[in-house]
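Shared between the two complexes below is chain A, which has chain B as its partner in the first and chain C in the second.
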Partner chain A sequence: MTMKLIHVAFRNISRNKRRSLLSGIAIAVASMSIVFLFAMVQGMRDDMAQNLATYYTGEVRIRNAQYEEYERYNPIHLTVDWQRIDQALAQRSDVTAYVPRITFPSAFYVNGGNHPAVGIGADFSLEAGYSDFASSVKEGRIPEAGKNEMLIGSVLARDLKLDIGDKVTIISSTAARGNNAMTLEIVGLAAFPVASLNSQFFWAPLDRVQHFLRMDNEVLEVLVMVEDDERKAAAAIKTDLESVLGSTLDIQAFNDISMMYSFIEIAQFIYYFIGVFFLLLGSTVIINTTMMVIYERMREIGTLAALGMHGKELTRLFFLEGVFISAIGAAVGVLIGAGITVYLGKFGLNFTDALSGIDMEISSVLYPRFNIWTTLIVYVYSVVISAAATLIPSRKASRIEPVEALRYV
Partner chain B sequence: MYRSNNMKIRMMAIVVVALVSIATVGAMTAEDIVRQMDALETFETSYAEGEIVTTDRFGVKTSTFRSWSRGAYDSLIEFTSVAERGQKVLRTEGELYLFYPDAEELIRLQGAALRQSMLGSDISYEDMTGEKDTLSQYEVKLLGNERISGRDCFVLEFAAKTRTVAYPMQKVWVDTGTYMVWKGEFSTKAGRLLKEMAVLETMTVDNRTLPKITKISDKMKRDSATEMRLTHLDIDVDLDPVIFTLQNLTW
Partner chain C sequence: MIQVQNVIRNYKAGETVVKALKGVSLDIGDGEFLSIAGPSGSGKTTLLNLIGCIDALDGGEITIEGQPVSGMDKKTKTEFRRNNLGFIFQTYNLIPVLSAYENVSFVLSILNIPEKEIEERTMRILKEVGLEGMEHRRPDRLSGGQQQRIAIARALVKNPKIVLADEPTANLDSKTGEEILKLMKEMNRKYHTTFIFSTHDSMVMDYAARLVLLHDGQIVSDERR
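Then we have the complex of A and B:
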């Protein structure tokens, strides 16, 4: 009997191809959008995690315990002891790489005026083992330790009409809570994936920045890459370092530091609900179509009922029609969505203009992240929701009285 | 009898001197007081050494300096404390230049940049080196007299004539005897207090009473105050005019 119902349901779908196509397209568009949306959010999340880890906080960041409290006052004197942290981290097997950094606000003195810029003092020999830093150098070279040199964001250089070989005097507050200025020669132009890194930042050798900011061997932060879960690693490193340095350090995982990353995590959760909403919207087309089919085939329903077909079987028949349309529509939608995601995952979506001037740790070119499991879940999710939606009109078919149905014109 | 007459004469003399003094003081206009005030702070030449002690939420920071000045417009400050050693601030002919040993060029400050904090203190570059020609910049008004630190003071109000000054309104308490400013309140045009200044200790140099320790607090910063302490001051010393040149700054 079930096989017959399946056969009849398939035949019925093809009886009004246009209507079935319309329902299928609605489900397909919804499924495709959800696959792409989820891939996009996952892509943004992964991109942000990558940028935070590489350029801003590491997977685990070590800073002076008081820094956060006074952050708005630029407490550049609240440093950490790099040598002791270096010794402690070198012993840990869960730490894959770490770098000392000094990120400081400054001003470029160019043509008699001050232009804001953010400096990063970095040990470039260690940076090479931490990330693919060299690939960010668009032109020129990386500054050398011990020399008054800088690598400047290409957009910042363009905005200030600076080029390789030019000398720039930078002004900043020092760790001694005074002021200082130093002239650096531009030896390289950088093109980082994050727009703000290109338009606001410059990089200089750590030892020169330490001298400039009167920091001796101290640094502002240590960025750490770890093997396992960042939060667990942060807690373990904290316990370890506190036994050596006391509770003078603030050690946090990147996903606890960045508010924007937390927003994206929340957004990803919200998008799951938005996905359900999308599918429900798509399902209204199926509900509508099934209702119309039921009214259109009222006499047929009456005949089938008069011939002994039970109400439950009638419900199952219309439900199966809905399920088939949903399954085919969702399959097509998910395949198209996956295709678009894979394509854009390779070539990227360029948001350079949209993100220009926005200070976010997200790359200008975003790559949606294709995930087979997410795609399968979206497919099942699409079929279940849209099939469940067809139950509403299908149940109506079972409640139709054969006598009344046969009188229906 | 002789003694009684002598006493009378002495008493009369005191009264006459007092009356003359009151008449003289009473005859002084606000502009006269300001001229005396500026004259007290202006030296043909001077050399000073001192320290700037800043107390803020992060603790106490001390910077030492030596300075040279000539007339009302030229001054040079050189910082001698370890963190700022060799940094210099030159004000000459209405321009202000900063020299940093690690910088290959001089930094010229102008406009709003002059109001930047010097070494993170409550004192701006303009406060430290500002021109001492009050009457060309402000309309002055005598509000009355008040006692400050046990001294009788004129209370003067300055209203800026131009927009180029750091403080559109000032209220200062000027000693009626020495013309030294004991206290100052520096505000916006709308009356919002920007800075406060008070002299905590004085010193006498060349028969002039001058501030030795001055406390300045920037009201835009919370829990912050700076004491400017002069440890040494020579007036009318022989100075090489080259001191106030840009060439000298970079040597």
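Then we have the complex of A and C:
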């Protein structure tokens, strides 16, 4: 009997081709959008994690324990002891790479005016082993240690009409709470994936910045890349370093530091609900279609009932038809969604204009992240939800009185 | 085998009540070939639906094979139809997406009969109604008469005790109608199946072995010939 029902239900799909197509398309569009949306959010999340780890906080960040409390006063004197941290981290097998950094606010004295810019003092020989730093250099070269040179964000350079070879005087307050000025020559233009890095930042050799800011062998932070779970690693490093340096350090995983990253994590969670909502919206079409089909085949329902088919079997007949349409529609949608995702995952989506002026650690070109499991789950969800939706009108078929159905024209 | 006792059926149409059957009594024996005749609106369909267990009585009782119909719930009625009754409709009512063969075999699938037996019985009945070689055609590729033959095969394939046919020839030209009646009569003789069919066509009435005339929801004559 069930086989026969499946058989009839399957053939019924082609009876109202246009309507079946419409239902199928609605479900396809919904599941396609969901696959793409999920891939996009995942891509965004991965991108942000990558940027945070590379440029902002590392996977684990080591700072002075008091820094956060005084952060808004620019507490440049709250440093950490680079040498001892270096020694300790070198022993750890779960640490894959680490770099010292000094990020400090400053002003460029250019064309008779002051322009804010954020400086980053970095050890470029260590940076090479930490990330693919060299690939961000668009023109020129990386500054050399011991020289008064800088690498400047290309947008910042363009805004201030600066170019390679120009000399810029920068002004900043020092760790000794005085003011200091230094002149650096631009030796390279940088193009980072994150817009704000290009429009606000410049990079200079760590030793020159330490000298300029009156820090001996101190740095403001150490960015660490680790093997596995960042939170666990942060805790382990903390115990380790505290045994050497006492509790003078603030050591945190990137996902605990960045508010924006937590937002994305929450957003990803919310997107699951948005996905369900999309599907429900798509399902209204199949609900509607099934309803119409039931009215259209009223006499047939009466006939089948007269021949001895139970209400439950009639419900199943229409339900199965809905299941087939959903399964086909969702399959098509998921495949197209996956196709788009894979394509854009290769070539990227350019959000330069949309993201310009937005201070977020997100790249201007985003790559949706294809994941076979997410895609399969979306498929199953799509079929389950839209099939469940067809159950609503299908149940009507079992409540129809055969006499009335047979009289229906 | 079928006792119709003082049956009443009223329809509510808004404020007014239409008395479709006003106390109809009738005894139908095994293997009869009975026509319920009467003008349009006389209550033929209503009576057939009540005997066919697809409608509910407002009064009186119908007993089929000793089983009173009034006490049956929806599920029991469905079960009863499934096992004992065959239906033929004026508009054939075949499933358009199924072939002639599948339309007929479907009924046996509902009864969970083994596939091999289904095939045997379906092929045999299709041959008997004269559709050999057309088993795989869908209804839309067959004439009205051929479609009604499928319907007859569909009604008979499960060897029901009773076949109910509401104006089975009304949509056919008179020649084809006659052929259908001849076929029904032949099946009636061969399988001893009780046929109850309604009509308002005098040609059709001529084929009946017993003619019950309805008028305004009441039986006005009942003659055997």
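Operating definition for what follows: the second predicted complex is superposed on the first by the 409 of 409 C-alpha atoms of A that agree within 3 Å, B and C clash if a C-alpha of one lies under 4 Å from a C-alpha of the other, contacts with A are read in each partner's own complex, and residues count from 1 in each chain.
The definition used in the following text is that a residue touches a chain if its C-beta (ideal position, glycine included) is under 8 Å from a C-beta of that chain, and two chains touch if they have at least 3 such contacts.
Just so you know, these numbers come straight off a predicted model, no measurement behind them.
> Does chain B (first) or chain C (second) touch A:Lys167, or do both, or does neither?
Only chain B is touched by A:Lys167; chain C is not.
> Tell me the contact category for A:Asn12 with respect to chain B and chain C: first, second, both or neither.
second
> Identify the partner contact of A:Thr96: answer first if only chain B is touched, second if only chain C is, both if each is, neither if none is.
After superposing on A, A:Thr96 lies clear of both chain B and chain C.
> Just chain B (first), just chain C (second), both, or neither: which does A:Tyr109 touch?
Once the two structures are laid over each other on A, A:Tyr109 reaches chain B alone.
> In the overlaid three-chain picture, which partner chain does A:Asn179 touch, first (chain B) or second (chain C), both, or neither?
first
> Return first, second, both or neither, reflecting whether A:Leu406 touches chain B, chain C, both chains, or no partner chain.
In the superposition, A:Leu406 touches chain C alone.
> Contact-wise, after the overlay, does A:Ala306 reach chain B, chain C, both or neither (first, second, both, neither)?
After superposing on A, A:Ala306 lies in contact with chain C but is clear of chain B.
> Given the touch rule stated above, what does A:Lys4 touch, chain B (first), chain C (second), both, or neither?
The second partner, chain C, only.
> Using the superposition on A, tell me which residues of chain A are in contact with chain B and, in the other complex, with chain C.
none
> Sort out for me which residues of chain A touch chain B in the complex.
70, 73, 75, 77, 109, 112, 114, 148, 167, 169, 171, 173-174, 176-183, 211-212, 214
> Given the complex with chain A, which residues does chain C contribute to the contact?
Going through chain C, the ones touching chain A are 49, 52, 54-55, 74-75, 78-79, 81-83, 85, 87, 89, 91, 93, 95-98, 102, 106-107, 109-112, 154.
> Using the touch definition up top, name the residues of chain A that touch chain C in the complex.
Touch list, chain A to chain C: 1, 3-4, 7-8, 11-12, 14-15, 299-300, 302-311, 313, 401-403, 406.
> Write out the stretch or stretches of chain B touching chain A in their complex.
54, 56-58, 61, 63, 82-84, 87, 98, 100, 102-105, 107-108, 110, 113, 118-120
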